[in-house]
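I've put the structures underneath this note.
Next come two complexes built around chain A: one with chain B, the other with chain C.
Entry: the complex of A and B
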């Protein structure tokens, strides 16, 4: 990491404005998540029916101050959005780890073997990519009980195909490098080459893909909940909140806006991080060439 | 191939196209050319193999998941079914036979496109799907066309001079739009145009004005991404040597942008545009639910929720075939457009 040395007050910077901004935005989310997990828990999720559908800034006689207003059951939207953090981020976070691990492994396997294994991997991956991801996720999640692990693992086991295709292409490029050839000549085993020689070279790609997929999976998770097939009905996931808000668009638009803004905030921060890392690695590659 | 040779080839590509787009035998240097017919057949066969693989994989997955996660006979009987009824249903649908026999029967029936009847109303599952297909197809087609009409010029404009203030603002706007999921766009559109302004109907298919919001919503799922890719490709293409050469030869800025840079930028965006259809179908499910649109997506959501599996299998089948038809069409179109795809690696 390079330090921003031009100004007198040293602000730590990664060298990419997008990445800096994205990290700051993501930092806010992480702080909110910690506050939720450590201090709030599930204590404030219940509502008072007497204070239902109150606008943002409503000062209730008994329930206290509702900065973001309340929903159709009088539940405070600020606390619900906070309560949704572990759901929405947790589900897509677990899913993105699965996606990165499975996608990288399959991509590396396809790149290493030059026989029927590669043919099968390529055929399978391009076939699976064609299937609309949402359709598959929708159909599979419907069969299982709705829950955190069902949803995250289903998404993780379906979404890896695009990652593995990119990893495959990159890894094949790296495999033709001279240092890999040298390692092969020295008799280094194939898994050692893949893990110690190829994988480090793939790090920026994996990070970029992970950031983008985190955002995509966050969107898909909310979409599934929105369709009524994602997180359990009473869970305060952001998709569930959006789904609830549809019937009250006319009288309580804030019910839609509050979860919408949090989803957009998270997605944009992740997109910024992904773009920023991509930009940095491009810059570095150019610097090496010159 | 060295860097310089590759660049020379790109110039040749550009010139080839100018001379004669159909001149198949025109080749650059030592690169071999494959006849269009052969390339076409090869592409179709490859895509067909992928389609068969996909159909087998998905329907097998669904078949076994359905039987492993619960008792299909219990779903059929509903809450009122007693033991006797369950036995009857098992016999009638063949659930009493071993799993591999059931699977074999299922595959054989799929070969002749027999998915059974809907559990909800005993109608033919495939017929139900085909009934809904035209509505969804029209919606996807409108969104796809709108997307291209908006994205290509906008992307080219943003990418042509990316350092100017106006374009920078535009790019930022597109970036923010990319962060807004389609279902939120849909809800905001309803809020603004149906609830506040009362200009457009928010639900159903009631004449041309009811098409506007679903189409915009669906297009918004992908448009920002396409705009960004095209803009990045154009701005990269504008720095290439062949653009400098053309400029030195006295070509105007507009010719440079629309005739030379955009053409090459579009070729780079092929994969994305082909994959569009798949994304759009995924997006159409949500769009149809938001706008209570009587299409395939809503049928799928309803039958998934009620575990109406013959209809789900039929819908997934039809969607896969539909996606593959459009991907193959894109592939073939680009074989004709891009001469580089007709060349074999030397």
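Entry: the complex of A and C
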């Protein structure tokens, strides 16, 4: 895949087309995020009421050229969608780190101990899974002040259950490998075994799960914001934008399309990355077994 | 009949590694007990090779893992270098782990597929704080040479090696800390026949040079006979016969040993012998037969065998057998053929 015979330029590739595409799509998002953080000041989100609800491509005397049009307060939708990047990506990003860390830790604890600790962990996880996620998130976010950390930590502390289940199953498989037994019988400490044998073995699984959960959490964040329980009302998170667009759906459909397409773009890129990593690790596992 | 064991309860000063009346049971669903190992006694002297033979499910591997303290024995003692290690905790076991090593059956599973060979071999060295990185690297090079692998093997990963080469790597790893004894749990049964001889030669050669006590566990009596000084035959968790290698193979007393021997192929074209084919599977170690454990499959079982368990008694010097009908069954005629099984062509000895 690394060689492209027809052209002289070598296109770098990871070996998985899905992963390549996903990374390129995600790269666009990251560039936009950097541009927003570095070059755009505070006032780019300001609206100009005379230019409200203008369609994409409108060139206004005050606000200038609006490539994606404007919303009901005359705010430029392109800048607003960029302004939403730190909110939407940041919240689900922090949440996905929580999910990966908590899920892996709990899964490993359950897999490592063969006594009552395992039973407790499994029962606890099952109990958590039994609770409806969105309702739980609604309750917690309603209890606290709306904000970045409330939302991200709430999602992170609720969504790890599925990850811990997968890690548990995977780690139990790894723990039965003879090289783990060998290490133990050579006198290698259990921490060394966990860090140098088990965790590297879990790495592909953790990466795949993280990519998928990033996408899932992005949608959940939007859903919570849409329901009015996510990011603060004035924050330009994509869910808030969708929520705003509802009233103007008929006269300004671009208000809905712009954040919706952005969400779809991000989710697809993350899913492609997840699929790509899974594909690569399957290939590699085959190579290892042969 | 009282089942007085003839072993004294003090550590035998001759033995480097010794098991006394070792008993291992596992709990299975339904509150039953699985008797994996039932009162096995064995000993390995320094520089001696002992073979432990039995079919699948006879408890051989459990013996190996219990000796390594991976399973907790329900009864009996494990003695290493005169020290009772049966109940040592992990910290107390550390010096023992350095002196007693294991080689596993499957070199595809016993090496971490993500690790370089250098890292694999140096793992026990690092666990026991062998020395600086340079000293460790030097030791790895030495070990690779000892097991006949090229120096550039160190920076490759296990998937780039064949099964035989991987087993050499596993052997190198077990030699790393210069152990006094190695337990080899079915060291060749996952390998091709031609490679088996290479690994067996390697073990034999290394043992000669490095003065290691070796406990080889296998299901192939002919193979164990090639390498061992003494052989112990196991059936359903119990020892049924033991003796010096040539004597046991040339003059088997227990019908099970005879059956194992008759299952060995003859390395000559057209060669054939009267086969003693055991019918049925080995009985379940959860519901074991009464009397002699072997009687349901024994071709010469009598009434007595179904009721009374034969004691494990010494019949001559170093020979022990547990059978009411010991020696009653004819050994296959052409056993001489076993004495010197030629190596397959093209197999070179692992000598330097």
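In this text, the second predicted complex is superposed on the first by the 281 of 290 C-alpha atoms of A that agree within 3 Å, B and C clash if a C-alpha of one lies under 4 Å from a C-alpha of the other, contacts with A are read in each partner's own complex, and residues count from 1 in each chain.
We adopt the following convention: contacts are C-beta pairs under 8 Å (C-beta built on N, C-alpha and C of every residue); 3 or more make two chains touch, one makes a residue touch a chain.
These numbers were taken from a predicted model, which means no experiment stands behind them.
S.K.: Could you tell me whether chain B and chain C fit or clash when both sit on chain A in the superposition?
M.R.: fit
S.K.: Once the shared chain is lined up, is A:127 touching chain B (first), chain C (second), both, or neither of them?
M.R.: It touches chain B, and chain C stays clear.
S.K.: Please work out whether A:188 is in contact with chain B alone, chain C alone, both, or neither, and reply first, second, both or neither.
M.R.: A:188 sits against chain C, while chain B stays out of touch.
S.K.: Examine A:238 and indicate which partner it touches, taking first as chain B and second as chain C; both and neither are also allowed.
M.R.: Once the two structures are laid over each other on A, A:238 reaches no partner at all.
S.K.: Considering only touches as defined above, state whether A:168 meets chain B (first), chain C (second), both or neither.
M.R.: Once the two structures are laid over each other on A, A:168 reaches no partner at all.
S.K.: Hey, in the superposed model, what angle do you get at chain A between chain B and chain C, Cα centres, nearest 10 degrees?
M.R.: The angle comes out at 80 degrees.
S.K.: Quick check on the superposed pair: does A:212 touch chain B, chain C, both, or neither? Answer first, second, both or neither.
M.R.: neither
S.K.: Is chain A touched at more residues by chain B or by chain C?
M.R.: The partner that reaches more residues of chain A in the superposed model: B.
S.K.: Examine A:179 and indicate which partner it touches, taking first as chain B and second as chain C; both and neither are also allowed.
M.R.: second
S.K.: Tell me the contact category for A:160 with respect to chain B and chain C: first, second, both or neither.
M.R.: Once the two structures are laid over each other on A, A:160 reaches no partner at all.
S.K.: Minimum Cα separation, chain B versus chain C, post-superposition (Å)?
M.R.: Between chain B and chain C, the minimum C-alpha distance equals 10 Å.
S.K.: Of the residues on chain A, which ones does chain B touch that chain C also touches?
M.R.: The answer is that chain A has no such residue.
S.K.: Can you list the residues on chain A that touch chain C in the complex?
M.R.: Residue list for chain A touching chain C: 177-179, 181-189, 192, 197, 200-201, 287-290.
S.K.: Taking the touch rule as given, give the residues of chain C at its contact with chain A in the complex, in rising order.
M.R.: 65, 68-70, 93-94, 97-98, 101-102, 104-106, 108-114, 123-124, 127-128, 157-159, 170, 173
S.K.: What part of chain B is in contact with chain A in the complex they form?
M.R.: 49-51, 53-54, 57-58, 61-62, 65-66, 69-70, 175-176, 178-181, 183-184, 187-188, 190-191, 195, 275, 278-279, 281-283, 285-286, 289-290, 300-301, 304-305, 307, 312, 316, 319-320, 323-324, 327
S.K.: Which positions of chain A touch chain B when the two form their complex?
M.R.: Counting only chain A, the residues touching chain B are 123-124, 126-136, 138-140, 142-144, 215, 219, 222-223, 226-229, 242, 245-246, 249-250, 253, 256, 260, 263-264, 267-268, 271.
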